[in-house]
Amino acid sequence: MKEIVEIRWHGRGGQGAKTASLLLADAAFNTGRYVQGFPEYGPERMGAPITAYNRISQERCTVHSNIYEPDYVVVVDETLLYAVDVTKGLSEEGAVIVNSDKKPEELRGSLHGYRGKICTVDAGRISEETLGKNFPNTPMLGAVVKVSGVIPEENFVKDMRQSFAHKFATKPQMIEGNMRALVKAMQEVLIG
Amino acid sequence: MGIRERLSGNEAVAYALKQINPDVMGAFPITPSTEIPQYFSQYVANGEVDTAFIPVESEHSALSACIGAEAAGARAVTATSSCGLALMWELLYVAASSRLPITLACVNRALSGPININNDHSDSMGARDSGWLQLYAETNQEAYDNMLQAMRIAEHPDVQLPVMVCQDGFITSHAIENIELVETDAVRAFVGQYRPEHSLLGPEPMSVGPYDVPAYYMEHKRHQAQGMINAKRVILDVAREFERMTGRGYGLIETYRMEDAECALVLIGSSAGTAKAAVERLRAAGKRVGLVKIRAFRPFPAEELAAALQNCGAVAVMDKCAGFSAGGGPLFAEVCAALYGAAPRPLLVSYTYGLGGRDVTVDSMERVFGELEETLRSGAAAEPCRWLDVRG
Amino acid sequence: MSYSLKEELAKPERLSGGHRMCAGCGSPIAVRTVLRAVKPEDRAVVCCATGCLEVSTFLYPYTAWKDSFIHSAFENAGATISGVETAYASLKKQGKVKESCKFIAFGGDGGTYDIGFQSLSGALERGHDMVYVCYDNEAYMNTGIQRSSSTPHFADATTAPAGRVVPGKTQEKKDLTRIVAEHHIPYVAQTTFLGNFRDISEKAERAIYTPGPAFLNVMAPCPRGWRYPSEELMEITRLAVETCVWPLFEVIEGRWVLNYQPKNKLPVEEYLKRQGRFKHMFAPGNEWMIETCQKEVDRRWERLCAACNA
Amino acid sequence: MNSKRAAEIREDIRWQEITPGGAVYEGGTASAVKTGDWRVMRPVFHADRCRQCLLCAPTCPDMAIPVKDGKREDFDYFYCKGCGICFKVCPFQAISFEKETHQEVNGDGNP
């Protein structure tokens, strides 16, 4: 793993991209990393495109700027591909991970000539199957960890179980659903 | 003994306040400080603190209520940003001159207009001479640590002044980062209880807030000025004690790679971290560069800055606040004054930067160092008041 | 409960002489009367908005307040006293304070009707256990008789002067007591100084010993601003009540009660003609002003009687 | 912290000695302030005509009509500013209102 991994999230206000970036920061923190998780703030409301960021590092990172040349880009809503230049500045060593039911190559034409890896995961369907609702956050988190290797998978899965157990202490049925969503996404993500 | 956690700056400050368990909090929502009273009122709702929370109808009333509470012998806290701090303006002076050591968590945001919710220091910089102590944080950790030290400093009998604990809106307030927390028992033992010698609810009646005639007004102001002078020593004493507890040391300023620096930056807050990354890159390329970060802006560490900077060739003073003096920002003016008596002294350049959330990158900081090198070579600052990363 | 002036005056005086209010000022009369209603075994903490009362009663190092006192600014007496009251509640709960304290704020009409209105409204809505007393002298007297929203229609004030074209203040007086009553706090009353001071004394006691927020609006004449000889204060307040310019009423837990109904309601000019600030209303050709004034007094009086079922 | 009493605070006080923020740590210190010299008119109490109805006492803005054991006493001229309200409310002409000469020091003492 690189000394520092930088990730940029694209979502829409209200969809939970910010929450997903914070969950990733949590998961990385739990494996002993130094983390940053921060959204870019403006006056936007529900539905507007929003951006959030993660830095995950072996050492404390002092930089407090936004991320312009990320190693990975996560797109929580496929429709953003047509509204935002999501792969801008994206390292071609890295990957873009899109919530989509399409095959990776089907998206290449919409990515402004990006030549690196494209990954897709049908987070919406996985979420419906495992949680009965469209909460794409957990599957997207699984896909990012799988693709980036930023956290060792085994630690990640174990840690997320604890974290869900804590979060859903009063709704235990949610623990298993989220765990299934996580693992399913890790299995199903298509790396193109 | 520390507890490893990951928290946003606002969570860290709210958590520090929870550990301190103040008597009264009065607060009104304003972005980006809103989360602090939000988290805190949840602690209140859950019975995790003894604090009485006053959900006031404005920032003006937030500080007014804190003034009443502090005068009554309670430890009172509030939080605000930008226009909220501006609305408190008159009461900032009242709190300081009445010698009420209130604690205010200031989450720095641009002060209108046009309206903008993002970070710069124009809110608290405008209040720099209201008589409040001001501590600034680079990280969530520093925001937390400053909060734990703030009341000890403010309430010290030789100081008796209110304190602003400042951090950068969104940049640190809403960013999750690693942090090391102190155990609550240790926090409470460190911060202690507020026991003023006199209060409205004390055994003797007390009157606060007189009309002051010319025969006494200056003596009161002189006494107040002494509180600020004494605060330098108290800040350092409290920091030493804090270091013994946590291992984390603090001063009035922090110097970074200054031992042999030819070119240096002076700056405040979160961009110091970004600038440190630039210093590391340039050092790796053999450049003698460093920076000085100001932690305590009030009291102003003039001697300490002069000592840290006087052997540099060129210094960029970075104001995250547009000072409309037609001669650079407030930090620039004060650094110039601090170095006036130093010999030799460096060439000084003013940079206004990062206003209204304009992102501050490592590349930008490197560019400033490049321009400083140029200034040093030419022996004069061609254009002493510059704006960084502004289109034109 | 029978009222006795003798017993009333046996209670400790909580405002000392030596304050620097004008000779014949109504506000210290309001203050000393309200504070007498605090039982001797209780402590009071007083807060003042900036104004005549504040600058004249606490001129460093001389405080006329025998109890603890705080002043912070003009516009924030409501918020300031709510901070003190909250601190008391918190410290008491923590066992750090033992005494029983009552919290009383005083503001003039400027600090209450106008600049301090938001702070007052917020404090009332939050339900602090305190009394806010407005000493209403119907203009900004501290700065020199500028008009406030409490200044009566046509009154001559230094920022609403009666001139050749403009007849003094062109707006009606704000009905603050009614507005405060609409906050639905436990106790609201309007009062002034009359005869043996029964009305104001009983209302003050009720306000102080009703848990939660209470509000007293006290007409407190200002001889300088109203331009009448200072010795006539009690006659001015009596006429204000007898003409129904300043009715006495209270709102107890939402129930409106009329405390006094003049047997013989006097015409408003009886009240107006005693005061220099209304002098121009009596110039030939200005009869319409008095008529307008009478109409508004009648309208408000009828509305009040209806609310009180009187 | 300086906890000076008001009586010790005079106009020659040094800043080091003054109370921080102008706070005063006792109540009623204004009682040392004479306001009687503001008078241009003077109320005069005629005890023989007084029926002790006490109606005058609560109207005084300056607490200058002492009431002891249910009876009013002579004016406290140390505070009385001569506003005349009491004179007007007396139903029994037990108070007259006269031009002040300030020749008498009678009664001008700190109670």
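As written, the chains take the letters A, B, C and D, and residue 1 is the first residue of each chain.
What we mean here is this: a residue touches a chain if its C-beta (ideal position, glycine included) is under 8 Å from a C-beta of that chain, and two chains touch if they have at least 3 such contacts.
Since the structure is predicted, the reported quantities are computational estimates derived from the model, not experimental observations.
Here A-B and C-D were compared by C-beta pairs in contact; the pair with more is C-D. Summarising the inter-chain layout, the chain whose CA centre lies farthest from the centre of chain A is D.
Averaged C-alpha coordinates give centres for chain A and chain B that are 35 Å from one another.
Distance from the chain C centre to the chain D centre is 23 Å, each centre being the mean of its Cα atoms. Centre-to-centre separation of chain A and chain C, using mean CA positions: 63 Å.
Centre-to-centre separation between chain B and chain D, using Cα means, comes to 50 Å.
For chain B, residues touching at least two other chains, in rising order: 98, 205-210, 212, 216. In chain D, the residues touching two or more other chains are 9, 22, 24, 27-28. Residues of chain C in contact with two or more other chains: 58-61, 63, 65-69. Chain contacts here follow an irregular pattern that is not a line, a ring, a star or a complete set.
Every pair of chains in contact is given here: A-B, B-C, B-D, C-D. Taken together, the chain A residues at the contact with chain B in this complex read 22, 25-26, 29, 34-39, 41-43, 60, 62-66, 68.
Contact residues of chain B toward chain D in the complex are 97-100, 157, 160, 197-198, 204-210, 212, 215-216, 218-220, 222-224, 226-227.
Residues of chain C touching chain D in their complex: 5-6, 8-10, 13, 15-29, 32-33, 57-69, 193, 195-197, 223, 229-235. Interface residues of chain C, counted against chain B in their complex, comprise 45, 47, 54-56, 58-61, 63, 65-73, 75-76, 78-91, 93-94, 96-97, 99, 101, 118-119, 121-123, 125-126. Listing the residues of chain B that touch chain C in their complex gives 23-24, 26, 50-52, 54-58, 60-62, 64-74, 76, 90-91, 94, 98, 200-201, 205-213, 216.
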